[in-house]
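Step one of this worksheet: look at the structure below.
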Amino acid sequence: MWNRNQMAEVAAKELKDGMYVNLGIGIPTLVSNFIPEGIDVTLQSENGMLGMGPFPTENQVDADLINAGKQTVTELPRTSYFNSADSFSMIRGGHIDMAILGAMEVSENGDLANWMIPGKLVKGMGGAMDLVAGVKRVVVIMDHSNKHGESKLLKDCTLPLTGKSVVDRVITNMGIFDVVAGGLKIVELAAGVSLDNVKVITEAKLID
Amino acid sequence: MWNRNQMAEVAAKELKDGMYVNLGIGIPTLVSNFIPEGIDVTLQSENGMLGMGPFPTENQVDADLINAGKQTVTELPRTSYFNSADSFSMIRGGHIDMAILGAMEVSENGDLANWMIPGKLVKGMGGAMDLVAGVKRVVVIMDHSNKHGESKLLKDCTLPLTGKSVVDRVITNMGIFDVVAGGLKIVELAAGVSLDNVKVITEAKLID
Amino acid sequence: MKKIYKSAASALDGLLFDGMLIAAGGFGLCGIPENLIEEISKTKIKDLTVASNNAGVDDFGLGQLLATRQIKKMISSYVGENAEFMRQYLAGELELEFTPQGTLAERMRAGGAGIPGFYTKTGVGTTVAEGKEHKVFNDQTYILELGMMADLSIVKAWKGDEQGNLVYRKTARNFNPNAATCGRICVAEVEEIVSIGTLDPDEIHTPGIFVNRIIKGDHEKRIENLTLSSSKEV
Amino acid sequence: MKKIYKSAASALDGLLFDGMLIAAGGFGLCGIPENLIEEISKTKIKDLTVASNNAGVDDFGLGQLLATRQIKKMISSYVGENAEFMRQYLAGELELEFTPQGTLAERMRAGGAGIPGFYTKTGVGTTVAEGKEHKVFNDQTYILELGMMADLSIVKAWKGDEQGNLVYRKTARNFNPNAATCGRICVAEVEEIVSIGTLDPDEIHTPGIFVNRIIKGDHEKRIENLTLSSSKEV
């Protein structure tokens, strides 16, 4: 089984030289710690920044410089800023190569739910609906099951959707799964996870 | 009868302090020479400039600084530049207070034709269709009749339209005419022009 | 035509009315019109609809207007960091029109640009698409979203001049330029009013035509989520 | 990922094909990608559709591609200053899709922004509206215009860096930022390539994400209509 950092490291292998990438809040943010040597990637933050740098030292903190998770960040020599409409033009217009996002549920046909639990928890979709609709490739990182041990990879999502048939790949603590015709294709399993393990715990249709 | 400069001077009386105005090619451009004392007006040029200054001296000429008529111009302390989409957002969004344009024909219900003569002369609409559709008030300056002595104020335009029911006021060499319900209301006649003179030469319905 | 006003109170004078729609710039607590919001919270104006990506936090930014119950409805994409916002919504005390972030920004831009409607893929197949016109372009389905015109927009910039020209700083730009265009009246607060001609004409983000009134404000610029490079958790 | 190319020829290598749609920045002769146009005129590529507000003059700018008969169709708002353009059109040798200037700019922006269609009042009641969907919003009639995606966009900027970040100068900005976003590939020519970090991040007009290849060009920057303050005629 992979831990948070290992999942981020696995996701980082998706990155190719020259890519423009949007990383969601949570584990996806960790991916930037594992960008492979020699691979030049530009991070977009949908609040209006291209070329997002690391978190600041105390001296570098700037209230005018945050990421989409409202965390303080820094700029790089390549950085540019733009307004929200222009930021989402980039996203919706298919100019971002990849988005790596967290999720509550993913269905076997690539539906994604990550923005609310009716009557209980309301966060809002933020930029997630735009990202999954517009970005060329959508990779989800999430735990394979919830705290009750129930599969988060489902036949159909039970929560309100963020997007329909939008996910290309799911990376969980148990492995890597691609959304293909007919179900989720197992690309790789984490060390110590057997095919039987994953089949028992997964509701979605798996294809070996 | 008014000459070109007098028509421009009459049009300049339309200007009020704080207005943002777009002046078309030709006589409308002359209006900027007659902006009344104490009236602060900002000129927009639809190729992407707000705060257009006068024509340059030889030393000031800059190939990167032109107006919508492709004439060299200068900038002012207040000037800002923007791209074409943003420029027409201003125009279409109703942020420009007034456009003063030339025309080939105007009809009694305010239709305007100024962009082509089928089979003969093709100039193109440029930004004129956007201007007449979006700007709060549209004033036309043109000769009352064409070189054959035929009225350019018509019951219906014969040429392809630039906009339908878009003109608020027409200033010709013979007078000032407002588009109102039922026809063109005579607001003022040029010195030496009688009501009979103008009625004989005008095809459009006039209201005294 | 004087655009510079002495205070938030004078700049808002005559502009506020019950039931109005206000578009506000800002993202979280970054680049928000602190002084104008504070001033609105002191008035008796009520039943507001506010279009803003977030609603600040409980005691700062638009959260102040939620606390005073002046807001009837929010048009937002994110509620996550505001407990009172979520509480009022879940309790049915507050209307909330969830609008994806990019759609909200584009609706503001469109409204200001004379575009009453545009099509987007965002939200297709979700609750956001319910009741909206669907249309197919090149074999893909899109939904119609509407341009938004506000009765008033309130924005925060870094520098401004007497003509209303504005420049923003870093990610404090966010929704501000878009909100500025969609208000029938736009009031801007800035950190610094500079003399005319100081701003480079090539670098003005919001041309003065969009800005009707402008004040210099005092800005706390509170940080919502201080994260340092030494932090273990992100 | 190297974006800087040595010449117009190398920057266009592999990108051109017969019948393609090219979006070009520029207004008249101001801010046009002179070097890229010149280079295209030397190739055998033909049956081009070119979206550009104007077509230059007879012997400079896009007029060069009209002279070589490489253009099958123009999408433009203005023909006025180009005798050969008007002649080819009136003789039926050239297709011309007249598009109002603001609609053309917005179609480019929309195409680049994932918006397949938008409504505008521009052109309602004119030949421009013929065959287009009409729709009423708030008692006013609008027409549907389509977002435009080009196979290639060619633009001209003032300065650029190795990441493809661009800044434009004065009114030479015009359609360039909009054209840059709507090309599946965008090639930019600049007057000066500056080292990374030189451009102020707050002042970048076109973020590098939109620019795939960039060259330093030599620019004649011809003036179409020199008008001096001493001129009597305007």
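General observations
A, B, C and D label the chains in the order they appear, each numbered from 1.
The working rule: a residue touches a chain if its C-beta (ideal position, glycine included) is under 8 Å from a C-beta of that chain, and two chains touch if they have at least 3 such contacts.
Predicted, not measured: the structure shown is a model, and the values here were computed from it.
Hopping across touching chains, the smallest step count from chain A to chain B is 2. Each chain gets a centre from the mean of its Cα atoms; the one farthest from the centre of chain D is A. Annotation: 27 Å between the Cα-based centres of chain A and chain C.
Remark: chain A and chain D have CA centroids separated by 36 Å (rounded to whole angstrom).
Contacts with at least two other chains are made by residues 106, 109, 113-115, 120-121, 168-170, 173, 201-202 of chain D. Multi-chain contact residues, meaning those touching two or more other chains, occur in chain A at positions 75, 81-82, 88-89, 91-92, 133-134. The touch graph of the protein chains shown belongs to none of the named shapes.
Interfaces, counted as pairs of touching chains, are A-C, A-D, B-C, B-D, C-D. The residues of chain C lying in touch with chain B in their complex are 1, 109, 111-115, 161, 163, 165, 181, 196-197, 199, 201-202, 204, 207-210.
Every residue of chain B that touches chain C in the complex is listed here, in rising order: 17-18, 20, 40, 42, 44, 50-51, 75, 77-82, 88-96, 133-134.
Of all residues in chain A, those touching chain C in their complex are 29-30, 45-49, 54-58, 61-67, 69-73, 75, 81-85, 87-89, 91-92, 111, 119, 122-130, 133-134, 160-165. Partner chain A is touched in their complex by these residues of chain C: 27-31, 53, 76-81, 86, 89-90, 98, 100-106, 108-109, 120-128, 158, 168-178, 205, 221-231, 234.
Note for the complex: chain C touches chain D at residues 106, 110, 113-121, 135, 137-138, 140, 142, 146, 167-170, 173, 200-203.
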